[in-house]
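Labels for the chains are A, B, C and D, by order of writing; each one numbers its residues from 1.
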Amino acid sequence: MPSQSVAIIGASGYVGAELSRLVQQHSALSLLGCYVSEHSSDAGTLLSDLYPQYGHCLKISLQGLSDKEKLSIKRQADTVFLCTDHGVSVALAPEFLEAGLKVIDLSGGFRLDAVEDYPTFYGFEHKQARWLQQAAYGLAEWYPHEIATAQLVAVPGCYPTASLMALLPLKQSGLLNNNKVIINAVSGVTGAGRKASLVTHGAELSLQAYGLFGHRHTPEIAQQLQHDVLFTPHLAQFPRGILATVYADLNPGVSDKELDNAYQCYAEQPLVRCDKRARPAIKDVVQQPFVDIGWHRQGNQLIVLSAIDNLLKGAASQAIQCINLQLGLPIEEGLL
Amino acid sequence: MPSQSVAIIGASGYVGAELSRLVQQHSALSLLGCYVSEHSSDAGTLLSDLYPQYGHCLKISLQGLSDKEKLSIKRQADTVFLCTDHGVSVALAPEFLEAGLKVIDLSGGFRLDAVEDYPTFYGFEHKQARWLQQAAYGLAEWYPHEIATAQLVAVPGCYPTASLMALLPLKQSGLLNNNKVIINAVSGVTGAGRKASLVTHGAELSLQAYGLFGHRHTPEIAQQLQHDVLFTPHLAQFPRGILATVYADLNPGVSDKELDNAYQCYAEQPLVRCDKRARPAIKDVVQQPFVDIGWHRQGNQLIVLSAIDNLLKGAASQAIQCINLQLGLPIEEGLL
Amino acid sequence: MPSQSVAIIGASGYVGAELSRLVQQHSALSLLGCYVSEHSSDAGTLLSDLYPQYGHCLKISLQGLSDKEKLSIKRQADTVFLCTDHGVSVALAPEFLEAGLKVIDLSGGFRLDAVEDYPTFYGFEHKQARWLQQAAYGLAEWYPHEIATAQLVAVPGCYPTASLMALLPLKQSGLLNNNKVIINAVSGVTGAGRKASLVTHGAELSLQAYGLFGHRHTPEIAQQLQHDVLFTPHLAQFPRGILATVYADLNPGVSDKELDNAYQCYAEQPLVRCDKRARPAIKDVVQQPFVDIGWHRQGNQLIVLSAIDNLLKGAASQAIQCINLQLGLPIEEGLL
Amino acid sequence: MPSQSVAIIGASGYVGAELSRLVQQHSALSLLGCYVSEHSSDAGTLLSDLYPQYGHCLKISLQGLSDKEKLSIKRQADTVFLCTDHGVSVALAPEFLEAGLKVIDLSGGFRLDAVEDYPTFYGFEHKQARWLQQAAYGLAEWYPHEIATAQLVAVPGCYPTASLMALLPLKQSGLLNNNKVIINAVSGVTGAGRKASLVTHGAELSLQAYGLFGHRHTPEIAQQLQHDVLFTPHLAQFPRGILATVYADLNPGVSDKELDNAYQCYAEQPLVRCDKRARPAIKDVVQQPFVDIGWHRQGNQLIVLSAIDNLLKGAASQAIQCINLQLGLPIEEGLL
C-alpha cells in the first residue's frame, strides 16, 4: 500500500479534529503533525485536551506554524490539508504548492471559478487566479479523475456537498427543466465553527434561517450545477448534520424509470446510500461518511432529500476520499 | 364583561390541555368541564396528573363523555370546544349545534371546502356537508366577522396558520404571480400528538421530512390561499413550535413599498409581530400566542419566514381568539 | 394598590430580561428604566432586539448607567433591582441605599454571612461589611418578615433556592441527623449567563459536573441550612431549569407522618407545589415561578427532589416575591 | 485468528442492533443470523430498515426464532448472544447451553447471585439456579479469567458498569470506609428501550428521577461491590449515554498517592480513559466503547465521575470484550 506523510494545518477546529482522527486511523497515511496559527493560544495543547472524545487517538501536541515548521513540512510532507480560514488558505496554499507538495484545502479559498467573486462572497481580494484555475473541485464521486491528478484540491462546502449530490444526477441526465431550483437546508451548530459566540450559545440556538439570498455557498452550488438556484440555510440546535430539502422541476415527459436511472450513477458508490423511497434523517448520517438521498415526485415536481454529516461528508471524510483518489486507493479507504 | 360557560371535549391531549389552561385564566370564560371519550382510561384522572406543569391550575377531573354528560353540556354550556380526532368532531359537532350551542372545532373535520376531499385526505366519508358549508374558517386575523357570527368555527391547522399568515397579505394585495408557492415547514414533536409511538420516541426523533406531496394541510392551504402550493412538512426533535420558510414569486414591477404595505394589514394586530428584517426563530414563539413574520426579497423572488407555537397560535390560543371575536372582546383577551 | 417605581440595572442578561418582563406585567410596579454598564455596547439597544420573544412587551431602550442616570434613579425610583456581577453589585448597592432607596440584589454580593468568605468564593475583597450584615436573605417563603422590612435584600442563588426549599422543612422540624447532606444538581445553560463562551457553545454542551467541592453556592447553602453539605453542580444542554436530587439521613425514629408534616409548612404557599409521591421534572417548571418538591424515603434514608426554573424561582420571580412582600402584596402577585 | 459463528437473538432492539453491527465488523466473528421472537412483526424485516444509520452494513433479514431456527443455531453457532427480555433469556439460555454452545446474555437474567432476588427485582421466579451459579459476571476489565472460561456470561447492566468501573478500584484497594456509597446517575432515553411509550415520547422527556430506592440495578451493584449503595437513576432527554456521579468516603489516612494508585489498575486497559483531573462528559463517550473516569477529593470525601455509552460499554461493546476474552483476543479487538 502506498504511504503518504501528511500535515494538517488548522487542526484545532471541528473539521481539523475530525480529519486528524481519520488520518490517524488510515493505514496509508502517516500524520507528520497538527498545526495551528503561530501565535494561537492552542499551540502546545494536546488535541485530545480540546476533544476528550478522541482521548485515545489524538494525544498529539498542536504546533504553532512558524517558518521553521513550514520548512519542516515542505521537507517531509507529501500532502498538506488546510482546515484554515478562507483567506489563510489562499495565502498558505501557494507556498506549499510551489514547494511541490499537494494541497487539499477544506476552506472556500479555491472553490469558486472566478477571482472576481471573492470580494463579494468572501470579503477579500483573491490574488491567486492561477491556482484557483488549477484547483480540482473535490466532490469525490463526481470528479475522481480531476482530483486524482490535481496538485490542489478544493474540498466542497458542506451545503454544496449535500445539494450537489442530490442534484447532479438530474442535471447530468438532462432531466431538470430551466426553472430555478430551491434548496432549503438545515445545519447543526458545528457548521458555525468552534469559537465563542452568542450565535452558538446553547440558550440562543433555535431553528432559524440566515444568509438569505446572499450565502457564499449559493455561487458555489450554481456554478457546479450550471443552473439557477435559490439556497436558504438554517441553523438548528443539534450539534452535527445537514438536511437539504431540494425542490426542482423535471422536463415534461420524464418517466419514472428515467428518473430512477439518473440515480443509478451512484449504484456502485460505497459512500452513497440512495433510494427513491427514502426520507433521510440527520440521525442516520451523524458520525458517518455517507450521504443519504431519497427522491419523491408528483407530476413534474420533484423533491430530493439529502442528508450528510457536515463535518464528515461535508468536510473531513470527503477530504479523505480525495486523497484516496490521489493515491489510487478505494474511495472509501479508511472510512468504514 | 360577557361570561360564557364552555366545555372542552378531548381535553387530555396537548391541545386540549393548553386550551383548558387558557380557558381557566380567561376572565370571561367559565369552564364547565373537561371531557374525554366515554371509555378512555384517562376518565377520572386529574388533568394536572397528566400535565404536572399545570398542577396549580388544572386540578380538574377528566370526565368520560357519556350520554348523561352530553345532556348536561347541552343544558349548561354556551360553547363547546372540540379537541377530538377529525372523525369524532364530525360526529359530535352536529349534536351540540342542533341543541343550539356554538362549537369551536380544533380538528380538521370542518376545515376543507368540499366533502369530496375527506376520503382522500382524512380517510373517511364526511356526512355533514351542510355544517361543513356553514363553518367559518377560524383564522382569527383574517375572518373576524365570519367567526364572530358563525355557530361553527373550524380552527385552522397548525401548518396552515403559519403558512397563511405569511402569504395572505401578498395574495390579498395582488402581489403574488401565478407560480406555485413552496412551503417548507418544520414542526416540533407535539404536532404528532400525545400518544405512545415509535415515531415520537426520543431516540428516533431527528429532522426528517414526511407527508411528501400528500399531507392533508396542502388542500387546506391551497383553498384558503386560492393558489397552487407545494407544502412539505418536517418533524424535528424539539417539543413545540413551527417554522415555515415560504418561497414565492412576486408579480413583475412590485415595489419594495408595495411589498411592505401588504404587511401593514397586521399593523394593529396585537398577536402578530412582523418586520421586513426579521428572521423568526422557534424559541421566540414557544409558549406564546404570537405569529412572528419576516420577509426578504431579491428581485421578484420572495422568502417569507413565519413562526408559531403549534399548540397555541396553531391551535389553542387561536381558538381563544375565535371565542373572543364571538364575544365582542379584544382579540387578545386572556392571552397576554 | 401601592405603586412603586423601579429601576433594573444589568437588564441585558437572562435574569435582567426576565425581571424586566415581570415588572412590566406587574400592576403595582412601574418600570423607570432598564440599565446596562455605562460603556456597554448594548446601551441604546432595545431590550426586545436582544430578546425577540419579548418583542411585544420589552420595546425598552437600554440605557448606559452614567452619573446622570444614577442621579435620575435616585430621584425617581423607589427600588433598584441589581442584576449585575457580584462585585458590581457590592459597589453599586451602597450608593442607592445611602440615597434612601431599597435595593434588591440578584447577585451573590450580599448573600454570604461573612466578608471573610468573599475572597475565597468570589475572588474579591468585600468592603461593605455593614450592608452585608443588614441584608435580608430573600428566600421568600422562609424569611417574609425580614424581607418585608429590609432596605437591602440578597436574592438567593439558583442552586441554593432549589436546595434550601427542599431541605429547610426538614431542618426546621429537627428531622435531619448530623450526617452531611449531599446535593446533586443539574442546571440548564442559561445558568452560565449570556455571554460568548466555548463552555456554552451548543456543540460543546453535554451533561458534565463542574465546580467540584468549591462552588460558591456551597457556603451559601451551608450557612442558611446550618448543616454540613456536599454540593455538586452539573451543566446540561437544556436552556433552563434546575433539578436537585438531595440525599439526607433522618434522625432515628422519625415517622412518616412527622416527615410529611414537615412539608406542611408549604401547604398555603401558592408558588410551592409539593407532594410526597412527586418526581419533579425540569419541563414542568420551565417558564414558571414554582418550585416542585417530592420526597421519598427508605428507612432513615431520604431523597428529596426539587425543581425550579433557574431564571425565575432561581432569580427573577423570587425577586418579585421579595418586592411583593415589601409592598404588603400577596407573595404571588404578578406571577400567575 | 480464531473464527466463531455467532447468533444474535433479540437483534431488533437498540442493543441488538449495535451488537449486530459490531459483530459484522469484527474480523474473528461470523454472523450466522439475527433473530427476533417467533411471532414478532419485525420478522422478515431488514435490520437496516429499522436502523437506516446502518444501511451499509446491516442488510440482514430478521428471522423469527422458530424451533427450526433454534435447531439450526445449535448446529451451526459457537456462541449465542441474547439481547432478549430478562425472562426470555432465562428460558432460552439453558437450551443453547445444554446443546454445548456458549451464551453471552445481555439481559439481567443471570446477573444476580441468588434466585431469591428475582421475584422482587425482576418480577418472576428464576428456575435456573444452577446456571445462575455458573454464570460469569461479564465486567470485562475485572473478571477476564472467569469470562474466558465460562460457558455462560452475564453482561452487566449499563448503570452497574458505569458504577462498578468507578468504584471497584477503591474497594479492591481497601480505600473505602464502611459508609454507604451514593450513586446519582443519568441515562439517555435508549436506556428505556425501543418501544412505543409515553415515557419516551419526545415531548414528555425531561430530566427526572425514577426507580427511587427500588431499581433492579441496586442489588447488582451492591453484590458486586460488596458494599452498601444507594443508587438513583434519572432519565434525560438525550438519546445515549450515562453519567454516574458517585459519592464515597475514604478510610481515614488514605493519601493522594494511594488513591491515584488505586486507579493504576486501569493503566494498561485500552478501553478505560481515566485521570484524576477529569470531568467526563456524555458527549465524549457516545458511540464509543470507552469508560471515562475522573476522581476528585476533599479530605476523605470522594467524588468519582464515570461516563459510558449505555448501548456500548453498557451493553454491546462489553459483550464483544467478553467474547474477545473467550477467544484469547485482545480485549479491544474489533472495537477501535
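Heads up, the rule we're going with is that a contact is a pair of C-beta atoms (placed from the backbone, for glycine too) under 8 Å apart; a residue touches a chain by one contact, two chains touch by 3 or more.
The UniProt protein names, listed by chain, are A, B, C, D = N-acetyl-gamma-glutamyl-phosphate reductase.
Predicted, not measured: the structure shown is a model, and the values here were computed from it.
S.K.: When you check each chain against chain B and chain D, which touch both of them?
M.R.: Touching chain B and chain D alike, sorted by label: A, C.
S.K.: Taking each chain's centre as the mean of its Cα atoms, which chain lies farthest from chain A?
M.R.: That would be chain C.
S.K.: Please report how many Å separate the Cα centroid of chain A from that of chain D, as a whole number.
M.R.: It comes to 37 Å between the two C-alpha centres.
S.K.: Please report how many Å separate the Cα centroid of chain A from that of chain C, as a whole number.
M.R.: 46
S.K.: Could you grab the centroid distance between chain C and chain D? Build each centroid from C-alpha atoms only and quote it in angstrom.
M.R.: About 41 Å, centre to centre.
S.K.: Give the residues of chain D that touch two or more other chains, as numbers and ranges in rising order.
M.R.: 204-205, 237, 239, 280-281, 283-284
S.K.: Residues of chain B touching chain A in their complex?
M.R.: Interface residues on chain B, with respect to chain A: 180, 182, 184, 186, 204-210, 212-213, 230, 232, 234, 236-238, 241, 243, 245, 247, 279-284, 296-298, 301, 303, 305.
S.K.: Applying the document's contact rule, which stretches of chain B touch chain D when the two form their complex?
M.R.: 14, 188-190, 194-198, 200-205, 237, 239-240
S.K.: Quick check: in the complex, which residue numbers of chain D touch chain A?
M.R.: Contacts found on chain D: 52-53, 55-57, 239, 270, 273, 278, 280-281, 283-288, 290, 292, 336.
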